[in-house]
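Going by the order they are written in, the chains are A, B, C and D; count residues from 1 in each one.
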Amino acid sequence: MNGVVLPVVLPLLAAFLMQPLAHKSGVTARLLGPLVLAIGLAMLVQTWHLAQTDPFTVTFGGFAPPLGIVFYVDRLALIFAIAAQLFTLLLWGWSMDAQFDGEKKAREDALMLLLAASATGLALSGDLFNVYVFYELMAVSSFGLVVLKDTGPAQIATLRYLLISAFGSVIALLGIAFLYAQTGTLNLAQLGELAPKALHGPAGLAAFAFMLIGFGVKAELFPVNTWVPEVYAVAPARIAGLLAGLISKLAALVVLRLLVVVYQDTPAPQLLLVLGTLTVLVGDFSAWRSKDFPRMISYSSIAQLGLVFIGFSIPGPLGVLAGLSVALHHLLIKSGMFMLATRWSGSLDRLAGCAKSAPVATGLYLLFALSLVGVPPMPGFWAKLLIMTGLAQEGSVVYLVALGVVLLGSIVKVHYLFRFALKLYGRADLPPVRHSLMELGPAALIGIAIIAATIFTVPIGERLRAVAEQAADRDAYISTVFPDHKTAAVSEDRR
Amino acid sequence: MLEWIASLIVITVLTSAVAVLTVQNMVGAVAAASVVSLGVSVVFVLMHAPDVAMTEAAVGAGLSGVVMALGLRKLGLWRLEDDKGSAHALEPTPRPETDADA
Amino acid sequence: MRRFAALLFAGGLGFVLLVIVTQLNLGQTPMIVGQEMLNVAGAQVGAANIVTSVLLAYRGFDTLGELSVLFAAATVIGLVLGHRRSNAAVDPDGGFVLQAGADLLFPLLLVVGCNIILYGHLTPGGGFQGGVILAAAFFVGVLGRPSTGLDHSVIEVIEGFAGSAFIAVGLWALFAEGEFLMPMLDPGTVGDLISAGTLPLLSLALGLKVGSELAGLMTSLANTEAGDP
Amino acid sequence: MIHLDYVTILYVGAIGLLAIGAAGLVICNNFFRILLALVVLEAGANLLLVLMGYRGDAKAPILGFGPDGAQMVDPIPQTLVLTAIVIGVAVQALAVSILVRVFRSYGTLDIRELKARFEHDIAVEMGIEPPRGGEAPAGGRIQSSGPPNFRPPESHS
C-alpha cells in the first residue's frame, strides 16, 4: 500500500539521473522516462482495487498524520494520478529529428518526468503545504517545457507566465499562512475538523479567496488567466495539450478538495460560482473572436475550466459529479485538439479545405467538436446536462444566472466551432497540411476513447457517481486520516 | 527598547523597498533589494528563527543579489552612474573590469 | 491613470491584509501540531535543532519536492542559456588581489560550509545554508580565474548522485521499514555529533545537491557566452 | 491593537512590503524592476509567515539552548519559510536567465513594447493580419533578422 509513493518518487529519481546517464548511454536515457512512467502507471492501476471500497492513507517517515505529511488515496485522487502518468506518456516527445541533440533531449525528458511526478503528488497529497510545493514544481517544470521551442515569442510568453505564476504563488502562500494562523495545522483532514469553529468566519473565507486566486493561475480562473492564450500559442502543441488538459485539472482538484473538506456549508462556493461564470463568459467570447486555431482552442479551454468550477460550486455529490465529468471530458478532448494543432498551427483561413487533404484529422476534429458542444449521445452532453440540472436544482438567483450563462456559452461555442468546421470543408487555396503518424496517433486514441465513452455511458456514469460520492464525503475523509479521532480531542483541550 | 529597534528596521526596510521601485539606476535597485532581504533577516533573528535568518541572509541578500547582478551584467546595464533610458540601450557597453558581486 | 490603479490595487491588498491580520490572534495563534512536535521531536528524531527535524524528518517529503524545484530551475536555466562553446572568448583572469582573495576565501568557505552542513542537526543551519556557502566557495574560485571555469559534467554528476542519495535513503527506509523517508539507525542522544540516525546523511545529500545546483546555476549565468553585451 | 508593541510594528512592516511589492508588479514597465518587486513581495510574505509562528515569551526551537523548559516558538512556519525562500530564489534565477535571452533577441525590457512585439510576431507566424496600432516593429520575425547592432541569438548545441 505504501508503494503508492513510488509513482511520485521514481520519476524524480529518474529525472535526477537523466543527464549523467545521457552522457554514458543516450539510448538508455531516452528509454528511461517512458519506462518509469509505465511502471508508475501499472502500480497506480493496481492500487485502484485497494481503494475500491475504502480510501486509505499513506504516511511518510512513520509519523502519524497531523505531524507528518500524508497521502490520501481515494478513487478521485487515483483517477487524476493515473491520468497524470498516462497523459505524460501519451504526449511524450518522441523526437524523430535528424539533428538530434542528446543533451537538450535529456533535459526535456527530465522536465517531463518532474511534471508527471509533481502532478501525481498533487493529486494524492493530503497536506496543504505539500500541495503548494508540488504546485511550484509543476509550475517551474512547465516554464521549461513552454520555453523549449526557443523562439523569441516563446521566451516572452514564458516570462509573462512566470510573473503571473510567481504572484499567484505568493498569494496562495499567504492564504495557507492565514489558514495556519487560525488553526495551527496544515493537514487537510484536521483543517476540516477544525473548520466549523475556526475557519467559517470572514478571515477563513478570505484565506480561501487567496488560495483560489493563487491556485487559480494554473486552473485558468478568470482574473489570472491572461497567460493562457499567449502560452498555448507559442508552446509546443503537445505541451499546450498537457497544460490545458492535465495541469489545469489538477489545480482545480486542489480547489475541490479545499471546498469539500474545509469549506462545506459556507459562502465559499458562491465566490467560486461567480468567478467560474465570468470565466465561461470571457473564454467563450474571446474564442469566438479569435482568428487562429491554437488560440481558439485555448480560449475554449478557459471556458471549459469555468464550467468545471461552476460544477464544483454546486454543493453535494451532484456538484462533484458534474464538475468531475466535465473535467475528465475536457481532459480527453483538449489533449486531442492540441495534438491536431501541432500541424494546424496557423490562422483559421489558412486551414481552409483541409477536409480533403487530411480527412482523418478533420474527422477527429468533428468528433471532438460534437462532444465539446454537447450533442446528445456524446459524453459531453451528459456532462453539461449534469451541470444544468445541478444549477436548476439550486434555484437561487445566482445559480440561475449561471445557468443562463452556460446556455449562452454553449450557443457561442456551437457557432465558433462549426464556423471552423465549415471552413475545413471549404475550398482549398493553399497547399494541404498533413499530420505525421506520431501526432495523429494519440489524437486517434483519444477519439476511440470518446467513442467508447459514448457507447458505455451508463456503466461509466455509475462508476463516476460512486467516485463522486466517495469524494464528497467530508466525514469519511476525516475519519480515514484520523481513525481514532484522538487528535480531535487533543485539539479540543488546547483551545 | 525592542519597539525602537523594530521601528528602525521596519523604516529601513520599507524605505529600501520604495527605493527598489524608484531608483533610476538598476544597480542601485538591486542593492536596495538586497538591503530589504538583509533587514528581513535581522527581523528573523528577533523572531527567534536563527535558521531562517541564516537562509535569508545567504540566499535572499547574498545569492539573489549575485544572481540579479550577474543578470544585469549580461544585460549590459551594469553601470554605476545614472543615465536615463538605460533599459533601451542597444549598443554594447564596455565590459566592466571588476566582476559582479554585489 | 495606470499609476492610480496600481496604487489602488496595492492599497486595497494592504488594507485587506491588515483587516485579516487584526482578525487573527496576534502572537497567540494556535499551535497544535507545532506544540506536539516540540514535545516529541527530541525523543522521536534525536536532533537538537527542531527546525532541522521538521525539515528533514516530519516534512522530509516537502524538502524532496523543494530539491526538485531547484533542480528543475537549474535544468531550465541550462536549457535556456546553453553551455559555453569551447571556442568562446572568456573573461580575462582577475587581478592579483582578486585571485589571492579567492584562493584565501575558497578553503575558508569550504570548511564553513561543511561545518554548517554537518552540524545542521545540532545548531542553526543545515543542508540549505551550508549548500549555499559551498556554492559560494566554488563561485569565488571561478570569479578569480574565469578561464578555468567549472566542469558542468562534473556538476551534473554530483547533483544527480546527491539527489539520488536523498531518495535512496528514503527508499531504503521504504523497503526495510515500510515507510518512505522513515528515520533509520539509532537516534542516539540529543546533542551528540553522531545522533539523529539518518538525518545527517540526508542533510549531507541536501547540502551537496543545493551546492552543486547553485554553483552550476551561477556559473552558467556568469559566463555562458563571454563577449556578449 | 492600540498599544503599539513591536510585533504590531513588524506586522505593519510585512504588510507594507507586500503592498509595495504588489504595487511594483503593476506599476513598473521594466521587466527587471518587476523581478525586483517580486523579490520584495516574497520577502514580505516570508516575514508575515514567520511572524505568525512567533510568541512573545518564547525561545528559538533548539533543544539545549536557552533556559530549559521554556516555551519555544512554532517551528513549522520557519520550515515553511525555509522552503519558500529557496523556491523563490530558484524562480528568480530562472526569470533572470530568460530575461537575458529576451533582451538579446529583442533589445528591450519594456513590458508593453515586448507585448506588442509578441503579438506582431505571433500574428506573422500564424498568418493572420498583425494587430494595428502600437509600435509594430519593422523587421518581421526577430529570430531571422534581429534589430541593428544586435546579433541573433546563438543556437546552443
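Keep in mind that, in the parts below, a contact is a pair of C-beta atoms (placed from the backbone, for glycine too) under 8 Å apart; a residue touches a chain by one contact, two chains touch by 3 or more.
As the structure is a prediction and not an experimental result, all values here were calculated from the model.
S.K.: In terms of C-beta pairs in contact, which of A-D and B-D ranks higher?
M.R.: Ranking A-D and B-D by C-beta contacts puts B-D first.
S.K.: Which chain lies the greatest distance away from subunit A when centres are computed from Cα atoms alone?
M.R.: B
S.K.: Subunit A to subunit D: how many Å between their CA centres?
M.R.: Using C-alpha averages as centres, the distance is 25 Å.
S.K.: Averaging over Cα atoms per chain, report the distance between subunit B and subunit D in Å.
M.R.: Measuring from centre to centre gives 13 Å for this pair.
S.K.: Between subunit C and subunit D, what is the gap in Å from one C-alpha centre to the other?
M.R.: It comes to 19 Å between the two C-alpha centres.
S.K.: Any idea how many Å lie between the Cα centroids of subunit A and subunit C?
M.R.: Between these chains, centre-to-centre, one finds 30 Å.
S.K.: Out of subunit C, which residues touch more than one other chain, so two or more?
M.R.: In subunit C, 17, 24, 29, 31, 33-35, 37, 49, 51, 59, 62, 66, 69, 72-73, 76, 80, 83, 124, 128, 217, 221, 228-229 touch at least two other chains.
S.K.: Among the residues of subunit B, which ones contact at least 2 other chains?
M.R.: 49-52, 55, 59, 63, 67, 70-71, 74-75, 92
S.K.: Send over the residues of subunit A in touch with two or more other chains.
M.R.: 103-104, 129, 133, 136, 140, 143, 147, 155, 174, 180-181, 184, 186
S.K.: Between which chains does touch occur?
M.R.: A-C, A-D, B-C, B-D, C-D
S.K.: Inside the complex, what are the residues of subunit C that reach subunit D?
M.R.: Where subunit C meets subunit D, its residues are 2-3, 5-7, 9-11, 13-14, 17-18, 21-22, 24, 26-29, 31, 33-35, 37-38, 41-42, 48-51, 54-55, 59, 62-63, 66, 69-70, 72-74, 76-77, 80-83, 85, 123-124, 128, 190-191, 210, 217, 220-221, 225, 228-229.
S.K.: Which of the residues in subunit D end up touching subunit B in this complex?
M.R.: Listed in rising order, the residues are 4-6, 9-10, 12-13, 16-17, 20-21, 23-24, 27-28, 30, 32-33, 35-37, 39-40, 43, 46-47, 50-51, 53-54, 58-62, 72-73, 78, 81-82, 85-86, 89, 92-93, 96-97, 99-100, 103, 107-110, 147-150.
S.K.: Applying the document's contact rule, which stretches of subunit C touch subunit B when the two form their complex?
M.R.: 49, 51-52, 91, 94, 98, 124-126, 128-129, 132-133, 135-136, 139, 143, 146, 214, 217-218, 221-222, 228-229
S.K.: Of all residues in subunit B, which touch subunit D in the complex?
M.R.: 2-3, 5-7, 9-10, 13-14, 17-18, 20-21, 26, 29-30, 32-33, 36-37, 40, 43-44, 46-52, 55-56, 59-60, 63-64, 67-68, 70-72, 74-75, 77, 87-88, 90-92
S.K.: Residues of subunit B touching subunit C in their complex?
M.R.: 49-55, 58-59, 62-63, 66-67, 70-71, 74-76, 92-93, 95, 98-101
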